[in-house]
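Below is one structure, written out as structure tokens; the observations come after it.
For reference, chains read A, B and C in written order, and residue numbers begin at 1 within each chain.
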Amino acid sequence: MALALEGSQALARTIALCRPQVVAAYPITPQTHIVEGIAKLVADGKLDCEMVSVESEHSAASVALGAAVAGSRAYTASASQGILLMAEVLFDIAGLRIPLVMTCANRALSGPLNIWNDQQDSMAVRDAGWIQLYCATNQEAIDTTVQAFRIAERCELPVMVCVDGFTLTHTLEPLDLPSAEQVDGYLPAYRFHHGLDPADPRSLGTLVAPEHFSEVRHAHHQALLRAQTEIEKADSDWAEVVGRHCGGLLEVRGDPEARLGILTLGSVLGTLEDAMDNDPSLPRARFIKLRSYRPFPTEALREACEGLDTLIVLERALSPGAGGIVGPEVQTALIEMEVPPRVHNFAAGLGGRDLSLDLYRQLVDAVLGENQRKGFSIIDADPTLLPEADR
Amino acid sequence: MNEQPLQSLDALRAQQPRFRGLESGHRACQGCGEALAARLATEAAGPDVVIANATGCLEVFTTPWPQSAWRLPWIHSVFGNVAAVAAGMEAALKQQGRATQVLAFAGDGGTFDIGFQALSGMMERGHNVLFICFDNEAYMNTGVQRSGSTPHAAMTTTSPPGAVRMGKRHMKKDILSIIAAHHIPYAATASVAYPSDLRNKVRRAMDTEGASFLQIHSPCPLGWGHDGSLTIEVARLAVQTGLFPIIEMERGELIGTLPIRDPKPVSEYLKLQNRFRHLFADAYRARKELEHLQAIANRNIERFELRGVGIEKYDTEGADTVHRGGDRWA
Amino acid sequence: MIEIPPGAYARPGTSLDFKTGTWRVERPVHDRRAAPCHAACPAGEDAQAYLAKVENGDLRGAWETIVAANPMPAITGRVCHHPCESACNRGHYDETITIHGVERFLGDEALREHWAYPVAAPGSDAPRMAVVGSGPAGLAAAYHLLREGCRVTLIEAMPVAGGTMRTAIPHYRLPPSILDQELDRILALPGIDFRPATRLGRDVSLEELQSEHDGLFLGPGRRKGREWSADFAVPGDLHTGLQLLETWVAEGTIPQQPKSVAIVGGGNTAVDLARVLRRQGVEQVHLISHQRIPAPGVPQDDAMRATYREVSQAIEEGVTIHEHRGVRRLILRGERVVGMELVHMKKLADADGRLHRVAFEGTEAVLHVEHVIPAIGQDVDPLGFEALVERGQMRVEPWWGELRKHSGIFSGGDARGDHGTVSEAVGDGRRAAIGMLRRLAGKSLEPGAPPEPIPYGELNIHYFESAPAAHEPVLPAAQRLGNEEIEGGLDGRAVRHEAHRCLSCGDCLACDNCWTLCPDQSVLKTRAVAIDGSNYVFDYDYCKGCGICAHECPTGYIRMIPD
């Protein structure tokens, strides 16, 4: 049943349906509405959960870690600076193979200060060893959140659900929430099997010397690669419950016959789809919605790119001094195709810059038009605002 | 002279009439005060506990994979988050309705400095966690750098004495007062030199609902520059001189002390340690700092009213009196 | 091969795979050291060992520990000058343990409970040993020979056993009933042939004894008074101190009743006699000694040989002691003494360390007394063994007591001339018994020495708490009129208190310090006592040799040795 809900409120109610036993969070825009929603549900007695309102994101991640190793289903949420303050703990959670779920309400990073949406924060911790799933819509955010707990618990890996701040979190729209029965059936009660237990007292977080550290990292890498199967299965199983799916590792949309491809992460996809649908005069494009950024679905990506001449990778983050972050990875992944497409890499919509319907035309022009752009650029930046030397 | 055991040592080890939380084979230095403090604390606390341990010597010397010296469920996450990890464990156990108690272990760096914010938050939220600070007064694991707990005038590798310096310029942070200001139900100091007192405080803290805090003075032979055999002697002198007061606080109020029967001059404590060697030079500034430390001890004695009234059963001299048969340690 | 689990967690207690004992350069060992009380006891008793048993409630075991060295604790507990207490390390801390009170308590308890000595009847082919004299030396020799399975012939010139214990110790110090009970138990032991009123040289010859026995011990005592004069003057009615004392002990009175007496000498006979004379009603009793009152801190060679306790009690009873004085001359009216000239004197060491008595001119003073009694010692009466006596003494090798010039014959007690207490005599008898058996077995006698005691500085005194000593009740001086025993005994509670105060020098207290303070869990506690008598074993697989256990051992029982 569709309800008109703000994205964050919907997420709060979805998380409650997943019955987390401990939720820890520290407020940061634009994550706040999610944890406020959970706090209210706890306060109203609608969710039996220890809500721990900590004094920093470092502690939020740490409390979630502690709760998970003590055998509870744990959840946290953050954004931006909060993600970076958590960073060392995020690496630790993943390295210790602790299952928990967090929402990243994607936001730009300081400095200078900017509180609006881009994905620089989650990109900054892409190597933490977490599963990262990017949501294109609030409905996907709801469904991905439920799936994330199952993936985490089956893979013994933490999952970060990336939801564009404001664009999704603060948008009111009609959304389908699953029923408690649906979620309970899909997500059985869980007990972390190598957690802390006085009856079987393990030591976690040991000191691993050079002679074993590479193997530990290898195992972690392999676990993430293996998680691809679980991510796809989680999505297809959930689809059987609610009749919707989110695309597994990635989803191919738009014109399947098109020779031009556009790969995106997150909510920008909707804007581009609208732009193409609104103007039949524009060249058609095949959209690749990259949902699972970590693990990186190399095989699925090659398959999705079959038959493309040109692929635009549109990002909402960058690696200053190098260019895109996702673009080079995609290019590397496609290099073994028999006829790989030509890959163009752009960033757009940084720090919440509005993505207009005209973006589609700009992208097409940049790769197919007369003044083809060479190399990476922030496509919607206006260098004329800068001193000569910085243009 | 060298006895031969009547039964296998393995069997004997298994039959020891006390709980073993920290097993042999850990890699602490000879005479490590922290290893002893952790052994005593876990003996009193175990077995139904879970432990979160901050980064530091204790974490490193107990768990070089694949070995662990712990016989209790234990986790090390990172340096500054031990109180938060413990808080998470406590929240989980509480939500699950389990009675297992949560301990957080950290050195002075993980308590006074990098871990302080998480500690303050944990206490403010009133988690039922016993936080134990193994206070060896510097960053020992990284090679003896000064911390907020390093005493005034002590030499460390980042507070070396020299032509214009006499060791650490600043004071040892009064952590217990800061902790007590959180209005937690129980906060205390203890010393490895008084193991009965230490274990009683662990038990008392565990019987207390809510956050509790125990600061255990734990000499580091390597970092302090004293012979490993003198660990207890040095710890005892810290207490007997007044430089490390043994006190208990409930809800911020001082409710108990270990009275000092006859305060000893601080030089007796300092002269055993290389980190204070420069205070014994024949120089005005050395004498001045020596007197400064004596004044700090005097102030502690005055502030906490540590001076005993004659001979008391539980004072610095009486509290660890031994008896034939020794059951007081059990 | 170890498989690495997710996140590389580890299993509990697996550190035991890592043997930290290899780091060690020194190892702790249990090293039972002699307590000073043990080292100082002339009779060889290990007070520390029996105090430990008392504390554990094992009174009989404690008594058996004593009688392994000394068969008559009820006597020595009363009369011994207890050098054990002078040596006791606790004296450096607060007050020494009242060891003699515990010994006396155990001795009395054994008499009351009729505890039997652990001595079995000897076989008919057991060695036969002859012991001459049933004073403390002879009795101890006989007892230890019996303990070792010998048959013993004990001859005594007097009609009853006991020697000086019977003849010269006043009853207020040693009640005859106690003496009789202790002696009767020894004389009733299987294998002893006690022949009273049998005098060597009169009733039996030395040759007879030697031919009928496999070994010989001589404990004749010293009963022959030395000649005394002051500047060649001798009073007409001179009696020696010992004669008078024996008369008083035997008859309860002495013939003379002067108003003032000076006794010359500083030994127990002199002091006992002084006290007897006070009981007799003599108003002024002076004791003249060229040495000092043997208070703590007075060097032994400058101290009167009488014990401090006896001297203090004598002073309490009104005896005047003139320390560091010598008699220069007697002042006589005819043969009657009216006074004496005393002079200050002291023993001083010369450049070679030899001591000389020096009189200080200008310090002379006259003491008016009606009577003078020399109590300057006696010699051995050599009747029947003249060839064995040299200048009134039995010259012996000091440890075993074998005669220097007559291998195979042993002696001890007062006859040796180098000491004169009951406890020393008991020790002589015990060592001689062992020596006799070694000689019988054809073994050599290496020179022995008392064990080296553990000094106070090697204890960790911090672990002990100050506690006052229990003292026995003492009859007030005004009530000491006759033969009533002056000192009472400690009660059971006081005895346990004293045992509890014992620092257990050099022996395991089972206090748990090592077990409690080992950072490496390498001291293991064992209820089934470890083979060395302690309650702990070291696990050298893990012990890193830090030395905390040794430093914190309260009793100095743990020592670090190179590994």
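Note that a residue touches a chain if its C-beta (ideal position, glycine included) is under 8 Å from a C-beta of that chain, and two chains touch if they have at least 3 such contacts.
No experiment lies behind these values; they were computed from the predicted model shown.
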Result of counting contacting C-beta pairs for B-C and A-C, higher pair: B-C
Central chain of the complex, centres being mean CA coordinates: B
Centroid-based (C-alpha) most distant chain relative to subunit C: A
Inter-chain centre distance, subunit A versus subunit B - centres from mean C-alpha coordinates, in Å: 44
Centroid distance [mean C-alpha coordinates] between subunit C and subunit A, Å: 92
Inter-chain centre distance, subunit B versus subunit C - centres from mean C-alpha coordinates, in Å: 50
Per-residue multi-chain contacts in subunit C, two or more chains: 4, 8, 10-12
Set of subunit B residues in contact with two or more other chains: 62-66, 68, 70-72
Touching two or more other chains - residues of subunit A: 96, 201-206, 208, 212
Complex contacts: residues of subunit A adjacent to subunit C: 95-98, 156, 194, 201-206, 208, 212, 215-216, 219, 223
Subunit C to subunit A touching residues, read off their complex: 4-12
Interfacial residue positions of subunit B with respect to subunit A in the complex: 47-50, 52-53, 59-60, 62-66, 68, 70-78, 80-81, 83-96, 100, 117-118, 120-121, 124-125
Contact footprint of subunit B on subunit C as seen in their complex: 2, 4, 8, 10-20, 23, 29-31, 52, 55-56, 462-466, 500, 504, 509-513, 515-522, 524-528, 530-532, 534-535, 537-539, 541-542, 544-548, 550-552, 554, 560
Subunit A residues within the subunit B interface of the complex: 21-22, 24, 48-50, 52-56, 58-72, 74, 88-89, 92, 96, 196-198, 200-209, 212
